[in-house]
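In this document, chain identifiers A, B, C and D correspond to the written order of the chains, with residue numbering beginning at 1 in each.
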């Protein structure tokens, strides 16, 4: 087994998680990590792991011939230029979602990737989660028949800081984009129309920042199936990530994951601990599998499990949801181009 | 305890259930049952229960001074004239939902009831169910804080016959009307706006009859909360009636009821029996409590637990849902009057 | 359908429940109720229900030719003479458990019943419970294969008054006797050997009264299967009645019943209400079915679902358990006779 | 952080798992692996992981000054001499259970460890499991009050090969020993008396090999609490590892872990996947934590979380259980010495 050299761009929380997951694999070398704020702490962190090079300059890493693949975990506004440069240098690319805040940017990145003939995997980690994956299998086995309704619950334990909310692209592009991807993934069909009801119920300052914190989004799929997603930025009991696919032959539903199965029967009530707190706890294994499959696709020259096109489609749904919120009516994805919001290349 | 004389109008399935539940109570006499198709079978059924009078003529019953209250379970198109006549005769009235297929009809019935100073209880049985009632209590105790999202799942085990579908008033007036009532009941707030996505996925002949069999309906409440209901005419695993209220302080959710708690662990899977099959099984106790509370309100001269106004509001939501389906956009209840669909009296 | 006249002996809590359940049936007349403490309250209670006769003298009832069957719910020490007298008068008999505190007494009652050719049903109500019955069906369908282990959890919400403890016959005869019957019922095999570890952990005054309040009892069945029962007189969370049958082909387990399915997710924990509090709540329906099947067996001249022999066997197991506790070693049922404790008639 | 050199003795399944878990930690070097059957496959396996030395001679490893701690995963009959030699060489020791098949052997090992002043941790991995650990915490927080009953279910998915059964030490020493340890761990009290009912129900050849495959074991603790363990060598639905602690203030119970939370509602039943298949799947994380805590105790010079004394006590309970099976009566641990079975050193 040849060793694959990998570079990580962006040394934030998720960049470090990906690096650690890569370090556990046999046949993988984390050759370098790049972050504009690289300093002593990052150097120490890298040294402890035997990562040889730490740099503030991503280009150094992107032009290193020993590096075959890159993991892009830097802020969203850097994704497109980094993808373009990585593609030009022939690197296999893993990029966190969303690819870009603008559809045109994402299309540009996808064109660069296609032109260079490199692979691009988007960081929709939930597809690798044991629960979502099992739902997908059960749907594919036909155990629920033809899907009629897809229901997704997606709530965070607490909202991000307002400073982040302002640059996040909004609830749909930042948070619900994962749900849009899961809706496509589980239904096996494209979303054609979106209607959303949004509200500011959690924190007025989110509204002042121009965003919403609560939403119900209805989806209409090409297959005729219907979907609905409910989002909240604040569930006091923790991360709430559930899905149900209901069809002509039955339904499949997943519950949250819990830190343990202990149930206490006391004089007042029956109680158990809250679900796993947030995505780092809930999707620990999913992040591992995501990296494993990316590395496998690089090693074997096979298609990535989540493509750039998957990234683009989820962004288009987010755009339609936002437009529905603004216009107060259902929005077809087909009309985005007409509205000048998502010109076809 | 004085005995209250009660007459039952309509000897179909639900009329008989109400009669049997009344017969179990102390201080209640089921004095008569009226049905235009009264024949030998009904006479035998009544005799077995000691119900003295069986008649084809509801007016006989409505003018009987020994009868203090009537239970109207006849077809919907008979409700308004029966309520008007019952009110004119000073009877306390229980009427199955919906009061009428037209808002004007319902308003007429409500005016007659108000003019006569009698009481009118509408048959929203789910409010008496142990699960829905517990959710209501928990919300009222403040254990979920301010409600943000109300989610209702409401699926039948199989569609009614096409002949019934054609006269049913459609999925919203016939089936989802219960969910609209529960949404108001649990949120403690009025619905202001409705958007619905409907589809024919279960049976094309339902579509040919001018109805839908699958729907996702989004609600916006006066309180600012959002709601969503998903309906299907066919869940192969049986009646699926669940609700979740999510708020600033947590959430409360109910699951279905099951015939037993037995779980089998076998070589292939872990299995349990399907939920209670349909409303007769699921809401057996709710029907009893519904009658008990109606009788109590008559006996004690207290307000009924579900008023004519509750019946009207649910019908207005159904009307808005239907109009949303027809127009493909969200519909405000306030605009129904303007559209000439629900003139204020 | 001929009306069956029934008399109830003993107007305590369970006697009244049986009477009310009988009153709901068609084709049944509760002709009389007998209780040595019959007074105004009981007379009023009977009048409200249309029970014509109330008497302090059970013999009046037992010799009444209009009475075809009797329900014996009086204290245990009256059971045998009442059964003997009822049998002599040709009545069908339902008797609460245990038949008697002494095996000889029970044998005497059984001989009288056999001699008179009347039927005798013992009040092991759990056999009629929807959960236990479903376990039985699943075992009989072969879905767990050959039973290897039967595990029964049986805990009360709180101990009875000490005055009752003193005359109760002890934890095994009073409380665990139901579990012994369920063990036989579900295993389909006779218990051959019993070992018990008992303790006084709930309340020292129970120990002072010569009883225990906590026990683990191991059973060995003729089939080779093993069983275990754990008993406690006090579960602060309420009545705990569960069972598991594990076998060569899998297992089946039942959980407790709950008043509702509502689950609250809050900032500290996930909670639900406690299980149904005690036997009156948990076995409401089981008591109804128990009476229904007794009446059916009388009407159709068919065998009763729980025989006097079932009552005797459970008493023998209780006796063996008590002896095991006293001797500190496993006790075979076969040795009870040798020990002069349970002479074969 | 200094790097701790560790040697692994025994390259079977569990030895490799421990090695892999150690390899993931920072500040740990797996310096060598010893196995009498070391060959090319093991060499390749070690090379892939960067383990420098592979040897057939454990002594080589035990005398290596670069090795500070050893993990003993070789067959049980090698444990005592290896522990003695490791202790003589001043190594910190982790040893799989049981320490030895004879109490005298275990005592010898413990004496050697004490004389050398080294630490010895026994491989009771369940203590590190998220579920068992949570039960322990809840009990220690007093949420169940004083423990009255400890109930342990412990069933394997399928029996080991007969060749292994013959040298395994029997069901109690090989399998139930984990349960005996958990009983002590959760009750916080020593077992004083043991009674067991055993049977051969799974496979007659297990009986022919002199062992049993099914057992119910009753425990009496010094605290007065009672315990019960049920064991089976074959649960067709997979590994079944549950526990309940019931006390004066309530109870805590854990269920099995599942590969996912997906529940399928179909036309015939509600189904979910079986629990995690066996110990490797169920206790994956527990094995990691076990190694982490061993390494931490070595690094910090702190007591190990599971001591040699814990190993000895569990062996004594196993011995008492075996004797109870042979004699058909309850056996006190105190009488083992008198019987010459477990002489105090």
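What to note about this one:
Methods note: a residue touches a chain if its C-beta (ideal position, glycine included) is under 8 Å from a C-beta of that chain, and two chains touch if they have at least 3 such contacts.
Since this is a predicted model, take the numbers as computed values, not measurements.
Among the remaining chains, C is positioned farthest from chain A, on the basis of C-alpha centroids. To find the repeat of B-C among A-D, A-C or B-D, check which pair has over half of the same contact pairs by residue number; it is A-D. Put simply, the C-alpha centre of chain A and that of chain C have 59 angstrom between them. Per-chain Cα centroids separate chain A from chain D by 40 Å.
The geometric centre of chain C is 43 Å away from that of chain D, both derived from CA atoms.
Counting only residues that touch two or more partner chains, chain A has 235-237, 240, 249-251, 265-267, 273. Remark: chain A residues 24, 26, 48-49, 130-131, 133-135, 138, 143-144, 249-257, 259-267, 273 touch chain D in the complex. Here chain A touches chain C in the complex through residues 235-237, 240, 265-275, going by the rule given at the top. Partner chain A is touched in their complex by these residues of chain B: 145-146, 148-149, 151, 153, 155, 193, 195, 197, 199, 201-202, 214-216, 218, 220, 224-228, 230, 232, 234-237, 240, 246, 248-251, 328-330.
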